[in-house]
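Letters A, B, C, D and E mark the chains in the order given here, with residues in each chain numbered from 1 onward.
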């Protein structure tokens, strides 16, 4: 049996690995549809045939549950996003990212669109916590997704940017600062079983697998945190 | 990946054909009608282009969703809804690319003028026959331009497709989305390869369209 | 359509141009629309073809009503063959494609019968054989026009509308095509509405003349009557002429000369053999007719035709010329004829209306074909 | 450009059509290109205008080289006025816009001097006044053509290329426009290359004739010479004619008749007053000339002109006619003249080359304007 | 929101104008050149349309980045780079919409034929003068179609704009992105209002373009 899972774009790479491991276990296959959380939600609300939804935030799975689009009680946090400050320049960021942020030559700073992307909102919280909001507001460049934000930085168009740790975890180039978790609200990413998947054995099996140890290794391997007090 | 490529080709081909079929009567009416409000229709036909593709896709999604009257009607007639199906992609892409085909075809019809159709009428061709034997052949450059723009736009645009199609591999995941995914997941090498392949292929198709048209063409202008 | 007529009445405005053309011509033979540039000839043809629709217009062709009040037969249902003033070939079709376009549709009606106007015949007559495969874009002006004529003929029309069809053609081409048009309307009984600025062409071809002026019909009637009507401007034209109906009564094969009888006299004219007994059309230019009181002695002049006649009228022309209207026959009961003489001769010879006179006719020609 | 010439040599292929036209004509007066449809006349004009470029072509206009080997003067640098075979008006401009298009550019060169061809004059002559504000789409065929002529004239050309400019025009319009074209090339010394299928137009206007056949130049020379050349097909044409240079030596105001002298004789022709001493062009149709052994008694005929001449040749024409080439004067030393008689008359009168004869000329006319 | 609307209008207007300016010589060359490889150029000009807008934006970002030779050259000449500036948006949008303008203008130029230009030459108009006084006026329907498509597409498309512009409020954030944001954040009511406003405005502009063209137009065809 086949499970059709809608996955927030930032989780693309991890989801592929998890899917491969899940299928290797035998029994079921899984197909992913990647997109931004907002787009996926709009589709789910209008009859998309997805069995489960791996969002990039808590709000939309919650809303799906509340509106009867999802099987109530199936929601859980599958990953915690980790924010990182990144520069392709190996020397730009030292041990304290705040110093790099306060430097005079930061003519631009890339963040994700705080309205649509949770990572963007988190980045703003960090700036506020470091008291750099006023200094940097005029220099912010917004990527629509956290992926675009990353591209702004790696293509050299922007010297510094707040990206997801998942995006740079495998790379050793440039310099980075893992933003302390106390500077922003945790980036909970919730998954939920959708109404269309209520009777899908494969979808339930995949969600179970997602909570299992193999998947958790993969998730942490991509730099995500785990919700230790989660219901998983 | 093979299915993605195949799906993309199917989509581009089907959309281009449907686009020409749908645009032709609209363009003809816009070119020939004397109705004072025809420009209103002309502007309306262009509007799908004004909305951001994702937004257009969103509204199509709303319109076609099983809970909407239109969606229910479609499901009643065809036994399945449009969203998240290949047919849905075709409908949405056609709608979105409509102005690209209607404009050049309309212009081509207008450029013909009245005379060839008058001649056809005096030679006993019904309006229907004159349309097929005179207007359409003479408007060929317009059809070509419409086909070129429609094809290229369908290859590349994925906002609408992503929204209405749901990016489901083997069913609605097309090449443009695949490249996009690779770019987004930093697999740039793969993105480059795919993009180059897509450009190369499209280039070949576009060039072939032109050259075939030239071959068929009636060789140049009046002296 | 013997005895039937084409009745047309078109009135209305096109921009600043006011058309008010009413005429009735026999639905047989050639009716020429003649008049100055911009007088509305093309507009009338377009109305007849149904391409321009003037409300309130009336058009009856034989027993068929093509337009009358709310009735309006669509252009493609009118079996006309229209040669437009500009050739208007289909640019996307070859010469063959253009020629066959109407033929194909005409055949659809009755596909077993061979069409009265045959493809090969038209191609041959119009000299189109070596052009058939060409795209129309590279044709010369005359070639284009010949293709347009062929295309109209091949659509097997029951009414031909021709808007200066021969204007771009050289004389030999005209001389080939004109007789063919004559055959068409004689043998196939296809009536023709023919626009031309060339009065010689009209005199050769037309049976009926529709004289137009500023959007109106100034006069309509048999060609011969209008040509000799002193009230109309035609008699004052430099190339004024009269046409006469002649019966061939004898033929001299040695010299290729026929003796023909017209109302009020006989003439000797060059003619083909084997036409004795047939009706032919003679055209005699006013400038080819001189007058003398008594006939010259036989054998003294190369002028073979000297006819007694009576002067019925005269129109001063151009200040120093006089166009004399004659009636043939010593009694003046025959056909009309025009003579153009200088005012000096008029005075020298002491000519006046009512007088008997001899018309010396130089350069008379049969203008139709046997 | 007095004494200068236009030298042209164009050879090459256009599709299946092979052009090899070489000719030299005076860079003054009108040179007519005459020949059957499709013989290459338009192609030659296009080469002269620089619109078609055949490699290896040569074109010299007076002292200027317009084409020779690698030298090729761009079309817009050639001061030609081109009246195309189809009117080819700019559809986006009104009649005024079309007329002023070339005028504006011609003026840019020397803007203080009034242009030799004035706007109002051309508008007046061509009867365009009430059309000025119209879009070109609604013009009649003749109106279109007149606008095209006006547009070409107003571009102040130094060489006029006219491709059947009068084909769509009625006779009165032609009669208005032709004299104006004569003024242009006389007064302004603008040479003209003129394509026409109407030999009468050519005889009236042309000084030089370029006779074309199948892409080649069959003959080129002064009009009068070629018209009477028995080796050329012109003498056999139904409307064969000769033109003569005449000096007005007397004028009779009472009858509006002038006595003119041509080489070898005198004629009386209708003419305007006040032209004594001027050179004029006479055109005499072969069919207007009859022959007699002895002149008729004075006062017996309306024919005013009887001239002694000598038969220099004869061409059987059409089986039963003979075109007789004459030389005027009792001694046969004067200008050539053509007479068309039936073979019967030829035999009856016992005519033969070398014989003295009298030519009775009916219908002679001055074809240029004073 | 006012700045977003204003920016969008500016962008659409500037892009439409620049598009016509840039497309005209390309379209003219494609229409008139006899070079056998011109169709290759024709196909190349269409290629920007084949890439997904975001992907095209990504490649533009790479090409214009300060570390690329092109980006350095631009920065050297103009004192600033293109990415994240209004100018950058214009360049990217023009590039992306180029085929929409080139195709109809090219078709219109081709439909003119040789004759009007030949006539102009015989009336002493230099090729340059003939181009402006004859070719351009006669090709007006093509320019209109190009302007309509370019304008509408610029209003709606934001993939490229988003990528090269960085969505900076007051500088590069346009209406289409704003609507998109509302859709993504489930603020559908606001999205509806904005979309309706944008459609209404665009409809007015498109209709006005057509009607103005008609006014200027030379009224109908040859008889």
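Note that contacts are C-beta pairs under 8 Å (C-beta built on N, C-alpha and C of every residue); 3 or more make two chains touch, one makes a residue touch a chain.
Protein names from UniProt, one per chain: B, E = Molybdenum transport system permease; C, D = Molybdate transport system ATP-binding protein.
All values reported here derive from a predicted model rather than from experimental measurement.
J.: Based on CA centres, what chain would you say lies at the far end from subunit E?
T.: Between subunit E and every other chain, the largest centroid distance is to C.
J.: Computing the C-alpha centre of each chain, which chain sits at the greatest distance from subunit B?
T.: Centre of mass proxy via C-alpha means gives D as farthest from subunit B.
J.: Suppose each chain is reduced to the average of its Cα coordinates; what separation in Å results between subunit A and subunit C?
T.: 91
J.: Which integer distance in Å separates the CA centroid of subunit A from that of subunit B?
T.: 36
J.: Could you put a whole-Å number on the gap between the CA centroids of subunit B and subunit D?
T.: Inter-chain centre distance comes to 59 Å.
J.: Distance between subunit D and subunit E based on Cα centroids, please, to the nearest Å.
T.: Subunit D and subunit E have C-alpha centres separated by 56 Å.
J.: Quick one: which residues in subunit B touch 2 or more of the other chains?
T.: 54, 58, 115, 183, 221-223, in rising order.
J.: Counting only residues that touch at least 2 other chains, which ones in subunit C make the list?
T.: Where subunit C meets two or more other chains at a single residue, that happens at 42, 138.
J.: Could you pull out the residues of subunit A that touch at least 2 other chains?
T.: 39, 42, 148, 151
J.: Run through the chains and report each pair that touches.
T.: Every pair of chains meeting the touch criterion: A-B, A-E, B-C, B-E, C-D, D-E.
J.: Along subunit E, where are the residues that touch subunit B in the complex?
T.: Residue list for subunit E touching subunit B: 39-40, 42-44, 46-47, 49-56, 58-59, 99-100, 103-104, 106-108, 110-111, 113-115, 141-142, 145, 148-149, 152-153, 155-159, 176-177, 179-180, 183, 191, 195, 198-199, 202-203, 206-207, 210-211, 214, 221-223.
J.: Flag every residue of subunit A that touches subunit E in the complex, lowest number first.
T.: Residue positions touching the partner: 36-39, 41-42, 60, 63, 108, 110, 113, 115-116, 140-144, 148, 151-152, 155-158.
J.: Going by the contact rule set out above, which residues of subunit B touch subunit C in the complex?
T.: The touching residues are 115-116, 118-127, 129-130, 133-134, 137-138, 140, 218-223.
J.: Enumerate the contact residues on subunit C facing subunit B in the complex.
T.: Listed in rising order, the residues are 49-51, 74-82, 84, 88, 90-93, 101-102, 105-106, 135-138, 151-152, 155, 161.
J.: In the complex, go through subunit C and note every residue touching subunit D.
T.: Result: residues 14-16, 35-38, 42, 85-86, 130, 134, 138, 140-143, 146, 163-164, 167-173, 175, 197, 199, 237-239, 252, 254-257, 268, 270-271, 285, 287-288, 290-294, 296, 299-304, 318-321, 339-349, 360, 362-363, 365 of subunit C touch subunit D.
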